[in-house]
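Below are structures written as structure tokens.
Presented sequentially are two complexes of chain A, the first with chain B as partner and the second with chain C.
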Partner chain A sequence: MKSRMAALVLAATLAAYTVPAMAQNNAPSPTGSNPTAQSVTEQQVLEELGKVKGRGAIPDPKEVVLEQPQGREYQAFHERLLPWIGGILTLGMLIALTVFYLMRGPITLDERPAGVRIKRFTVAERLTHWMTAASFIVLAITGLNYVFGKRLLLPLLGPEAFSVWSQWAKFLHNAFGWPFLLGVSVMAVLWLKDNLPDRYDLEWLREFGGFFSRRHPPARRFNAGQKLVFWSVAVGGGILILSGIVLLFPISSLDIGSLQTAQYVHAVFGMIMIAIIIAHIYIGTIGMEGASDAMVSGEVDLAWAKAHHRLWVEEEGARTPDGPQLGRSVPAE
Partner chain B sequence: MARMKFLCDSNRCIDCNGCVTACKNEHDVPWGINRRRVVTINDGRPGERSVSMACMHCTEAPCAAVCPVDCFYTTADAVVLHSKDLCIGCGYCFYACPFGAPQYPRAGNFGSRGKMDKCTYCAGGPEPDLSKAEYLKYGRNRLAEGRLPLCAEMCSTKSLLAGDGEIIAQIFRERVHKRGYGAGAWGWQVAYRESVTA
Partner chain C sequence: MPVIVAGIGLAIVISLGIGYLLYASERPPVYRTAAPSVRIDHPGENLVGPDWSGLYKTPPQASEERQTASQED
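Showing the complex of A and B:
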């Protein structure tokens, strides 16, 4: 009796399943049904969500992404767009500076040196600057290797030697991000106050710093050009650090799309920063007479200070984080 | 020469993970690395569908294009392989791969990436075929033994097909014709820029 009941129930259940299936008899299949008619198609999912995700037995959120066609867009960015962006920015800046140097020559000091040297940057400021500078140069060279290495160095070195170099470049790139982070943070704190915009900046920018007119627009401790470098390093460096940390720790909650975005940002801002720092290095060395003294020995000639940073000397008594060096009563001439 | 491809007939895949297990065992794939995986879409809801996925050995493979040390190469059978001696573990191939195939062992502090590992289509690596060095780095080279990838060989429902693209596409078309429906070859449009229609 019991088994008969069970058979009945089973038959009823089977009937319940097969009847609606038989109803859609228009499908040309032997059973006359399509058990997956309700299933989404690959095309539908890709059109709606842009990627195919699901659930998997492997406990790793990255493993449940079945398809992410955005990989092809990343490929196009990395292999076609990025080398052009990088090439135009870095080579373009080098060419522009060469042309400027050949046409204008270095910015010289017209006044005779005063023979009196005043402090421009403290030891702490110079240490921070050079730590950041050294880190940036290592990061820039090893970073450019990711994009241009295989195009320029690989044919010269051969695959094995280039791979050894690139392995080291990767270690260095990952390691030097930390002193760069420290340097940018300390510099941002040390120099924030002197880099706030003031009323002289517009005039300085309008005259393009006197690069062409050979006149020196007035400036406090930092002129508008230096302020632009400061803010580029603070903001651009900050963006590079944040995106770099995302790439350094592929945090499991971030999906591949976020890592791609971090890569786009990191690569483009890296190229922009390299171009800006090339200009910064130019003006700090061969581009301007007496400029490198400030950051190397920390001291500049009083005449240089008066020419380039008149208000810093006259109004602020050549103040550094150690305090003013000149009494306000000291006459300008 | 053949143009080797994978095709997962998702109307047959039952999410048994036999392919995943076969692969891990055949190649002694280390803990934490999965060369193949099964993903279930709409799990537990009407229209649920499972697809087994690994490296698809793409045409114009994005991983090979973005690699900064050019460590990838394509065999005569169109299998995309790479050299672990040259790989620097940068992670670019993972960003570029449409199928999440590249995997990295945690090699150093802070989980930094070691040398990439991925499905080799059971075709080893650049070392001499069937050598011990090849086995240790890339796993067994079944193709050199005249065998097809083990994941497909062991598939309990013959959902996962491996072999020459023309032949497996034909098998799939015949199935679709016989049973009257088919969900297409998942990933083919992205990987090979073609689809299989019956």
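Showing the complex of A and C:
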């Protein structure tokens, strides 16, 4: 009531100054300016009623946000749209892979094992891969907790245990972003050359890697499917890292609106990456016979290498960063 | 398998190391710059010395001082 009275008094005071000004002659002054035209009108005074005005005393102007209507859109995204996006992407991928596995089964090797083991990945490559993989799994689990935790875990754990878990999840999410950054950067450098597109990729994609035809399209060290995973990790991971760093140091360089934008990007790309990596884990384990050997022991059977990466064996001598392992005389079967 | 364990271990070491640094940098300045403190009521750990009983001695009133002075005269 007091504030309303104060506003009315303010309006009356301003009007008292305004009305005489309006009554003055509208003719321009000798200097060419028109003070009457620049004076406050009654309508302007009325429009100011009911508005919160003043100066924020917080030194950083980015932090002086009293009202932010966009926050409602952000909340709608975070609380309603994002869980749907995440649920459809992750569960959809799991269901699709399950159906594919039940229909097709694992991709087996038609040829008999040659009994000759060749190096597929060096120690440095595998170490980087597993460091990044471990980091991503922690990031994915703790990231999903942000979206689904209070819906799925809170009713099971109760508020106290869920609070403790969520605090640790937040710490782990912030901490494991750094080895993920390092791993993605090193992998991008190590595997960039072998993941550049070539003319065999279209054929591989056209035949969908032979997953249904049971024929293995020719491929060099990495086939088109692996290249898609590589570029998804390099680009998607890069976007996650950049947006994650923005979120890790809030208000340090951007305002609240930009932080919300970073959160949109981080959350959506995080869900997409989780879905892609679920497919990657499937094909690297139960989806393809012999595929896990490459990253576990670093070696694969020569027959497996010829079947899945024929050009890598025949044209490149099974070259790794350590150099080619085979001569050019490897027979094509 | 050793490479898998090494990769997981490397991820843990890096995350804990940088995580600790981040945690330290995120602590409010009042905690970062805080010096070891003492309790006021612990004799020997405050400015009044080890014999301080914790009791506040009332200074003599001015009227009492005058009375004492007149008695001395």
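Just so we're on the same page, the second predicted complex is superposed on the first by the 275 of 333 C-alpha atoms of A that agree within 3 Å, B and C clash if a C-alpha of one lies under 4 Å from a C-alpha of the other, contacts with A are read in each partner's own complex, and residues count from 1 in each chain.
Keep in mind that, in the parts below, a contact is a pair of C-beta atoms (placed from the backbone, for glycine too) under 8 Å apart; a residue touches a chain by one contact, two chains touch by 3 or more.
Predicted model only: the values in this text are computed from it and were never measured.
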Check your understanding: Where does A:V186 make contact in the superposed view: on chain B (first), on chain C (second), on both, or on neither?
Key -> neither
Exercise for review: Considering only the touch criterion stated at the top, classify A:L205 as touching first (chain B), second (chain C), both, or neither.
Suggested key: neither
Review point. Is A:N174 in contact with chain B, with chain C, with both, or with neither (first, second, both, neither)?
Key: both
Check your understanding: When the two structures are overlaid on chain A, which partner does A:I281 contact: first (chain B), second (chain C), both, or neither?
Key -> neither
Review point. In the superposed arrangement, does A:S39 touch chain B (first), chain C (second), both or neither?
Key: first
Review point. Given the touch rule stated above, what does A:I239 touch, chain B (first), chain C (second), both, or neither?
Key: neither
Exercise for review: Touching chain B in one complex and chain C in the other: list those residues of chain A.
Suggested key: 174, 248
Practice item. Would you tell me which residues of chain A are touching chain C in their complex? Key: 123, 126-135, 138, 171-172, 174-176, 178-179, 182-183, 248, 296, 298
Revision key, fill the gap. In their shared complex, chain A is touched by residues of chain C numbered 1, 3-4, 6-8, 10-12, 14-16, 18-19, 22-23
Check your understanding: Contact residues on chain A for chain B in the complex?
Key -> 27-31, 34, 36-43, 45, 52-58, 60, 62-72, 74-75, 78-79, 145-147, 149-150, 154, 159-160, 162-163, 166-167, 170, 174, 247-250, 256, 259-260, 263
Exercise for review: Provide the residue numbers of chain B that touch chain A in the complex, in ascending order.
Suggested key: 11, 15, 17, 20, 34, 37-43, 46-51, 53, 62, 65-71, 85-92, 94-100, 110-113, 178-181, 183-184, 186-187, 189-190
